[in-house]
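Worksheet: the structure to be examined is printed underneath.
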């Protein structure tokens, strides 16, 4: 059963996930390639930054809808995690508070969680790095949160300008975060791998000193558009 | 004698400081814990970021009130530093100019200063990292400053949304910056350490796979609020 | 021949460059010193940040004027690069899209290019770091671009609040980016080196514990302005 | 038939709309009341501002998904408008360009359109005011757009942090913009009108000098929480 | 008795206020003049904007410290209002939620309150204008708030970068908001009025076509600094 | 004689201006039309907003380069004004201070000045509206400035992302600000007027209910790109 985006007071316990082998291969492709491969859709806003550099992951989204300055639903969501999942948190109104720190990371990691995507703030970022638990967030902020108001788990959420459905695949690295609809994962992977093969060939030519103008046959079209060399 | 926040043209030479052993133990607790321990007060705005990651300090505030794009008062303030102090600079009007670089850092360090909290910009950040002189700032900016207008040293200043009194304790790490009133330091330390002990116990349970829902007995209250599992 | 800033549809093929030995010595001075040495001019807006820390370069600007979300002109510009050049891209309207990634970096590097200054976004930042190809940008963003509309190469461009002429010298490090007019390069270098010698003397005094108040003879002027010690 | 959010290349021609009398009564309630009545959901980000003050509307959403700096889909969308509709535009990547001006407003108005909600820029704002065609936007910007790339009409779009489905009801006034799911419109209206009646009674008491502390019986709970009067 | 800035859980019932005739005359001077007259201190950050243009007020501050997204303390504060007061709200952590609307304005107005200065959001702005109840805020936002957590009334608060003590005088107009310490009010008024008299003389000379270069005798000093006319 | 952008310490007294009848006719066209007519160049960043709505002007730029928080050069610039000029101020480093208020406006108006474009702050905005002296600025801010450091008058300046040369034509209205190079003014006017005539014809068709899809013959190209109607 599916609920509309923004529904509060609901925990959806059974969600469908994509095939793990597809997810792993999407991780290897990285955000920029996956984003191109699915037709330049699904990129979260670029204010979402890794709290430390170097991580590259793909995982199934367990979504969390949270009230402002209230992280209660994260505790609820962690029970729903399966190994290979990633938490994706959107808020009902913008907040930069620190919803998540080392204790929740310990709990999530104990259940096999691969990271957190949060359109809000996190804290204990030094510990997160030590634990190798990657987070992409809007802010780093030590401000704590309360536990007063219900949100939801595994309803569709808007996170950093994108709609994320539970079970969608999240790809994240130093370039940012991209969401791939679960049902399109196989098709996107195929295109991403084709793109990678093509890029490898191109890279070799670029390394050899060939120009994009020639590799992509751009000179004639530039001239038609009226480009003048002086 | 105390002066109102914003007073210009004054250098207060004798300020009270907290007990150094308390300060050192607050450093070990870190920003997030200290902030919680004092009732979620005193956190500077989250735009204050370390210019390089990894430092964790606590120190007594020597406060500086500075005009826009004018760093004259930093020279005056350095004479007032004692070993174990930290400079805390607020401006009379917002500025992102580079008030502080490697020469001032050399001078401050020679007097035992433990770092700088500045609601403006700094430069020579590569040198600051080499020198192991930590800075939390609003901006990195090579734009220099002038020396034309008086501010003050050791009057109360507003720095990144918080009032800092001279002699207050500053705690800073990768999560940001928090100010603890001098007279509350011992009490805050006690609560912070209790919190740490408690968190250590919780962490062990989380690592063992226990859920926050159970550790914090949340299930009943969630049900009362109407949370539905579907 | 020179074209006005903002001209589109033109590639200027022959530009004058400064003497390479001057450029190399400016690199060694760094941004803060060069900026001071040329009278506090030429600093790009401080939102321009290195995509990874630690690089310090100086190079001759090959300028690119690009439409929003359109990186076609970068391909055209790469053909105009000579060893020791740096690409400087301004847009005709603000954009945060990812104009540049590892393939273009491979191509630019094959021609001896020393980096990129871009008032927009880049992607593949992990690869750029691996390749040791430094970039200073407004954003990191995986969003791709199109190739539909002409801009120009080697016309004057506004980049992050500063006018950059082709052949001007760009100095960039962890403090940001500064532009030095080509014809002033020798004079600026002379002043920057004098400044460095002077700073070395000052640094020794600061390390020895002397105060800026005495090194710069500030006490009398502070008293004249009315500074009170209490 | 329904398409996932972000689908490009599709125009959905037949969408369901809510009952016009419900929509009109929601308009009379205004944004703040409607937002409260539906449980504090559905508010667009507060950067969405009216280009001129004073308008208050409710209408059925005809949604537009548009590429950056490309307004082609607005022409396509206008053909799908029915009297009483409002255009709601989200972009595939953030843009502040001016997608909409007096000509498109003339065309939309000729088809009975009641306004525009756009997570991007508009221009000709003086004319829009003269025409009494209300717009809520992220920016006012004269920068024109191109017509090169397909988006979609009447697929779900994310607009200023909220998901808007075609046929949802948009309520907008000087306080901002709120979206009401079509199927919940009648229920939300009932609650909004109850709320208004209740507020009218409260307003009378406030005007008479009664305090919220008494009207809402807050004194005891404040005392329990520990509030001290000194 | 006075409490430190940031204290929560306290309502100070008796505060001292400045002489009403001084306050009224400060209102007539306006923000820019008062700010200059008190030595360029006390200006709130320029993101504080009037929700409608044209109001010009001065009043005694009744301060409110509020948790994020929680407006409970405003109800408490209104009981403490006397005719001629203005509410000044700072938050314990940044928030843009709508803390205040037409019902609270009705209540505050019934007690003689002259307006609101709020470092957060407000709603019902069309009604506020109709009621002639001026507000200067950081945001307009229909998002409602809860009533769960204590703050304080009439403790010192940081509001938009400035410390405001209860009983300080707030001056606000279309240029922004300025705070004058209660004990300095008479002195600031004297200087502000002298400044106005002086400006009236200057204005007459400017209207007659005299230049600032001559009125302020700037030519010689400009020449000394090296200004060249070419 | 011309000086490079950013030169300080110089006042250029004789600048060339465009023909006044051309300027007046550009004013009538407005910003959006002029910007399109010159090939979508020259638009200042959209953070430049009118301090009151409704003004529409075109005028010759007298440029001012000013240090941060220092308005000395405005006094120098006013002497250089001729009737029909407009002041255009860029800063050497970003500033939001209030450089300009009612006294300077009185002086500028006495010399026939038509307004101010300022990449910084202004104050006395209520008076400016009363005087009918239009200003487009980055900020409204009562913070005053000093008079300590030289800038320049009538050298090229970067103002809100655009290079403005002295004597260029500025067009400004509620949509923002656009700069037209002096030597291109006649050509731009011709294109702008052609555009207006064309738009008048289009507007009539739109009012009659014709669609852009037909007026601009878009249907075939949309189909070729693959747009599906469902």
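All chains are identified by letter, namely A, B, C, D, E and F, in their written order; residue positions are counted from 1 within each chain.
FYI, contacts are C-beta pairs under 8 Å (C-beta built on N, C-alpha and C of every residue); 3 or more make two chains touch, one makes a residue touch a chain.
Because the structure is predicted, anything quoted here is derived from the model rather than measured.
Q: Over half shared numbers or under half: where do the identical copies chain C and chain F land at their interface, same or different?
A: Result for this pair: same.
Q: What's the rotation angle, in degrees and to the nearest 5, for a C-alpha fit of chain D onto chain F?
A: In degrees, rounded to 5: 120.
Q: If you tally the C-beta contacts for A-C and for C-D, which one comes out higher?
A: Per the contact counts, A-C leads.
Q: Just how far, in Å, is the C-alpha centre of chain F from the one of chain A?
A: Centres of chain A and chain F (C-alpha means) sit 41 Å apart.
Q: Rounded to the nearest whole Å, what is the centre-to-centre distance of chain B and chain F, using the mean of the C-alpha atoms as each centre?
A: 43
Q: From the C-alpha centre of chain B to that of chain E, how far is it in Å?
A: 28
Q: Residues of chain C that contact two or more other chains, please.
A: Within chain C, residues 40, 43, 93-94, 96, 143, 149 contact more than one other chain.
Q: Let me know each pair of chains that touch one another.
A: Pairwise, the chains that meet the contact rule are A-B, A-C, A-D, A-E, B-C, B-E, B-F, C-D, C-F, D-E, D-F, E-F.
Q: Applying the document's contact rule, which stretches of chain A touch chain E when the two form their complex?
A: Its residues touching chain E are 68-69, 93-97, 143, 146, 148-149.
Q: Which residues of chain F touch chain C once you look at their complex with the stated criterion?
A: 4-6, 8, 39-43, 45, 92-94, 156, 158, 161-163, 181
Q: For chain D, which residues count as touching chain E in their complex?
A: Answer in residue numbers: 30-32, 35-36, 40, 43, 46, 49, 53-54, 56, 173-176, 178, 199, 202-203, 206-213, 216, 218, 222, 225-230.
Q: Enumerate the contact residues on chain E facing chain D in the complex.
A: Contacts found on chain E: 1, 9-13, 52, 72, 74-76, 78-79, 96, 98, 101-104, 106-107, 110-111, 121, 123-126, 139-144, 147, 149-150.
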